[in-house]
Amino acid sequence: MRLIREFEERALELVKTGEIVGGIHPYIGEEAVAAGVCAALRADDQITSTHRGHGHVLAKGADPSRMLAELCGRVTGLNRGRGGSMHAADLGSGILGANAIVGGAAPIAAGAAWAAQRKGTGQVVVTFFGDGALNQGVLLETMNLAALWRLPLVFVCENNGYATTMATAAAVAGSAAGRAGAFGLPSIEVDGMDVVAVHSAAASTVKAAREGAGPTLIEAITYRFGPHHTIERKIRLAYRTQEEIDRWRQRDPLDLQGARIPAPERDRIDAEIIAVIDAAHEFARSSPDPDPKDALDYLYASGLVARGGTANG
Amino acid sequence: MRLIREFEERALELVKTGEIVGGIHPYIGEEAVAAGVCAALRADDQITSTHRGHGHVLAKGADPSRMLAELCGRVTGLNRGRGGSMHAADLGSGILGANAIVGGAAPIAAGAAWAAQRKGTGQVVVTFFGDGALNQGVLLETMNLAALWRLPLVFVCENNGYATTMATAAAVAGSAAGRAGAFGLPSIEVDGMDVVAVHSAAASTVKAAREGAGPTLIEAITYRFGPHHTIERKIRLAYRTQEEIDRWRQRDPLDLQGARIPAPERDRIDAEIIAVIDAAHEFARSSPDPDPKDALDYLYASGLVARGGTANG
Amino acid sequence: MAKLSYAKALNRALADELERDPTVFVFGEDIAAGIARLTAGLAKRFGPERIIDTPISEQAFTSMATGAALAGLRPVIEFQIPSLLFLVFEQIANQAHKFSLMTGGQVAVPVTYVVPSSGSREGWAGQHSDHPYSLYAHVGLKTIVPATPSDAYGLLVSAIRDDDPTVIFAPASAMDLREDVTAELVPVPIGSARVHRHGHDVTVVALGHLVTEALAVADELADEISVEVFDPRTVYPFDWAALAESVDRTGRLVVIDDSNRFCGFGAEVVATAAEELRLIAPPRRISRPEGAVLPFALALDRAIQPGRDQLTAAIRAVMK
Amino acid sequence: MAKLSYAKALNRALADELERDPTVFVFGEDIAAGIARLTAGLAKRFGPERIIDTPISEQAFTSMATGAALAGLRPVIEFQIPSLLFLVFEQIANQAHKFSLMTGGQVAVPVTYVVPSSGSREGWAGQHSDHPYSLYAHVGLKTIVPATPSDAYGLLVSAIRDDDPTVIFAPASAMDLREDVTAELVPVPIGSARVHRHGHDVTVVALGHLVTEALAVADELADEISVEVFDPRTVYPFDWAALAESVDRTGRLVVIDDSNRFCGFGAEVVATAAEELRLIAPPRRISRPEGAVLPFALALDRAIQPGRDQLTAAIRAVMK
């Protein structure tokens, strides 16, 4: 969690300095969800992530240096600078990708789970999504297929109370659990600020999925401390009160967990992590930018070369 | 119901003779659903229908002659021969149209219900759909919005046990009622072969919707006696047994209701209806075909004329 | 003399129509907060019955707008990102667009779909940088890409008043353009082009933010080549009569297009010109590459978009 | 000497690939029953693990195929009707197509999407008669429209083996074509055209079922005009080299296209020819009208589709 927090703090600075172009959707406040869930996964298990994906990607084991290099658009980035914040992927670590379309990753995760089931690999796939995705049709279609075919898939809903400016209560008739129940999926609601609680919920559902008991839903009640996206800085939005934010900050997942770790231990970890982030920043900064003439590389896996554009005449 | 049955029997003949091009999805066996539901509606209430729409359109009050003329592609048809079986619409009778896309009409009905609520007209909108649509994302999105905004909308699921060749049980994890419940919609399961049962369920839900109590789901358990579509005649399909069909035929909705009507009365109605259908057929047969040079008429409500095509050089 | 921004012009057009016509209302995400600027301040002024924040259920609310239109209302939908027009392709191309003909003219579907930041947004990468106006023109939606604040105002007003479903793309790179508005803002008819700069050597067809690029290139080349900058303003229906008038004078044609090359807007303009107009030199297209996906890194993102150097080279080429 | 139907050729190609490669499987509606003919008999032969009947959840199973492809499988999806390609536009154009570039080449998405009855089906009317191949070519999907049984076989095999997502349209009007197959059926490379009939006066570019129409017209005109019938077989990528070779000889070009005129396939061919080839007469396009919606009545349905009379008139026009 500390790694994610430090990574995001640094990323926010780099957005300010312009080293990161386009801004980010900070995960600050929600770290316990990614950390708790991914701690319950095997290295060969897989995840899909969201527009707010840095936490998931780091928790699943991507190299922070290559992740930060990706956000800075460098060739050494996870996606060679082609994906950026909303598309960071690392297949080698089981990260099938952040996804910029709300709900869009769930069926991709289900397909990977279907393949794992078919091959009998014992892999489990976790798909992270926000409360806003609870109203996206394709996610609901996916719950039906996952239940029908008993896929080794865990749906993790990060309910942070808002979809951009829209309160969950104003957008969701019924509930996350109710949606899961409609398709026969068991669900667990968990305190998303407590990494231990998240982990135990994840451990049991992942174990069940691995043993063939089928998919489940975990609804993690959490909160984002920062803006929906860094552009929010430029515009004043009144969709939530400072008082509400302060109340939640008192349950900072890092403090809750930190209190469980002896101070010296904690300081050692913190120091380590600062070093990791500094190294990551140095790595990103010193890495080369991609060459514009390679702008169309990887467009077609088969190597087909598209016509037009400056890249090739 | 008798009208729908006779209409469909005649339409089946006309498909054989080629007077109806492209075939139809016969409603035979499911008449009690359309008849029971539409009997609970006001003339200014509205419906949306499906690919299997003849029953809904007739029950809501469209002229059988203009409906049959539409199926025969005549200018006197409800849609001036432009729509055919899967797009029959009669705005004057509150029929917003059959729809050829599974689940596609539900949000259109919700929009009409939203407009009625906004204008305070007291109109209720009914959207018919099959069990297959229970797995279509946009229908589930619509349930959420209808519940959230308490729209005067009644969802009527015609569960006839199959989506083309796929058994409902093989396609639907959970149930129709469970889906409604997920969004906080009350639901009623009803014997779709008994028009009186359907009518009383419809009457109560329509009344509730009209009074502002919001949307509900009616799941009518029914069965189609014939093929999914008339092309099924050409191909042998083994997705259901003759024995199953025979068992359901013993609960023919016309017989169930017929038994409640005195024989002489029944004979009078039957005779009347035969006359109506004969007249409709005569009307359709004697109506003119549209002129090919008018093929692009109505493409744009604003009168914009498209370029290209034989229609206009 | 007031400076009007493109974003503000869209906002004012929507406000004026909401004021003028009680059947107009808006569906969209975060529109009460007005983060995309199109609806800034409108929730306060018109209330939650006219400015409706929707859950993230684009397919449902897009067809709800169709249903509301069948009931006589004039819905406007704001889409936060251009690729949402992929998500609702069924609802617009297969439902809204087809209703009038399929019902034999019983109904009209006067819905206006607005994308207040289309195309590249620098750093939004692959799934948030599309410019799908050619797709919508192909299926037959009235498709508009205004280049200036006053055109943005006038075309949005016309779109809302039009009886057919209409899509308006406001390029992200145009949203901050400012214009000195002297005259009163008026509706601009759909399907009428505008010549921003007259010239006699070559006609450059440009849309939206690329009009600015074309004008800059025309300036640079002014001493050697007289460039006419032709802005159709509406992709479909296209103002062929005006193009014919221009090309009759210049005899040469270059099209710059921010959509993908294959079957793009540029292809249509060049094809129709080749069929119907008298060209004294082969025409040229500048566009995004075939099948373009915008990479994240800024240098790559820009390399995929049609630019001034390409346009300059193309103009020189047709003058050879 | 066996008569092979187009539908049977697709069925055989799919069977051969299922046999050859255990990672190939099929998602679709009613495919166990095989009502669309593509999968006839395959459920019995390959079982429910390879031929998977899906609920009516096109968006979910289309992206599931993407996920399965990321895991190394080669999914094939059957779409019962062409407009389902509108419904899954997001999943194909914005997800499957973009994964390779967005991940910096980490993955391939070898999914094949098949529409075994595209275009008009006489009487299926507005929402079931589309031919959206130009849309998919525009966004950059490899897009194939075979004209003959042996090409249908060879191109489906190549599509399944290809590492990129690929869409194959099998026109409803071509499904019953029969061909005397003498040689062994072999893969046909994606992006390679075929000249069905050689001629020296005019090159007619035709796709799918329209190749048959073009050949018929070429026969009718044989005494007066020597028509070359050029079948690209693949819409995108297009075989420009082969077209250049043909047009260099004929100097004249007519394209017949069953998609909508505006930004359609015909526009791309005419535009590229105008830019890059030497034409001695203005080229011509025959297509569906702009924004076409097929009316139900048969006479109207046919009036919207490109036909022989128009083609004949266009050929005569370019010969003037």
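Some points to look at:
As written, the chain order gives the labels A, B, C and D, with residue 1 at the start of each chain.
One rule holds for everything that comes next: a contact is a pair of C-beta atoms (placed from the backbone, for glycine too) under 8 Å apart; a residue touches a chain by one contact, two chains touch by 3 or more.
Since the structure is predicted, the reported quantities are computational estimates derived from the model, not experimental observations.
Touching subunit B and subunit C at once are the following chains: A, D. Taking the CA centroid of subunit C as reference, the farthest chain centroid is that of B. Subunit C and subunit D have Cα centroids lying 30 Å from one another.
Averaging Cα coordinates per chain places subunit B and subunit D 34 Å apart.
Taking each chain's centre as the average of its CA atoms, subunit A and subunit D sit 39 Å apart.
Subunit A and subunit B have Cα centroids separated by 44 Å. Residue positions of subunit C touching 2 or more other chains: 55, 57, 59-60, 83, 87, 90, 94, 101-102, 125-127, 140, 237, 262, 285, 290-293, 295.
Of all residues in subunit B, those that touch two or more other chains are 79, 81-83, 87, 99, 101, 135-138, 141, 144-145, 148, 170-172, 296, 299-300, 306. Shown here, the protein chains touch in all possible pairs.
Residue ranges on subunit A touching subunit C, taken from their complex, read 20-23, 70, 73-74, 79, 81-87, 99-103, 132-133, 135-137, 163-166, 170-172, 232, 235, 237-239, 289-296, 299-300, 306-312. Residues 77-83, 87, 89-91, 96-97, 99, 101, 104, 106-116, 118-119, 137-138, 141-142, 144-145, 148, 296-302, 304, 306 of subunit B are the ones that touch subunit C when the two sit in their complex.
Looking at the complex, you find that subunit D touches subunit C at residues 83, 86-87, 89-90, 93-94, 97-98, 101-102, 125-127, 130, 134-135, 137-141, 236-238, 259-260, 262-268, 270-276, 279, 282-285, 290-293, 295-296. Residue ranges on subunit B touching subunit A, taken from their complex, read 135-141, 143-145, 147-148, 170-174, 178-179, 181-184. By the touch criterion given at the top, residues 29-30, 32-33, 35, 53, 55-57, 59-60, 83, 87, 121-128, 261-262, 285, 287-293, 295-300, 302-304, 306-307, 309-310 of subunit D touch subunit B in their complex.
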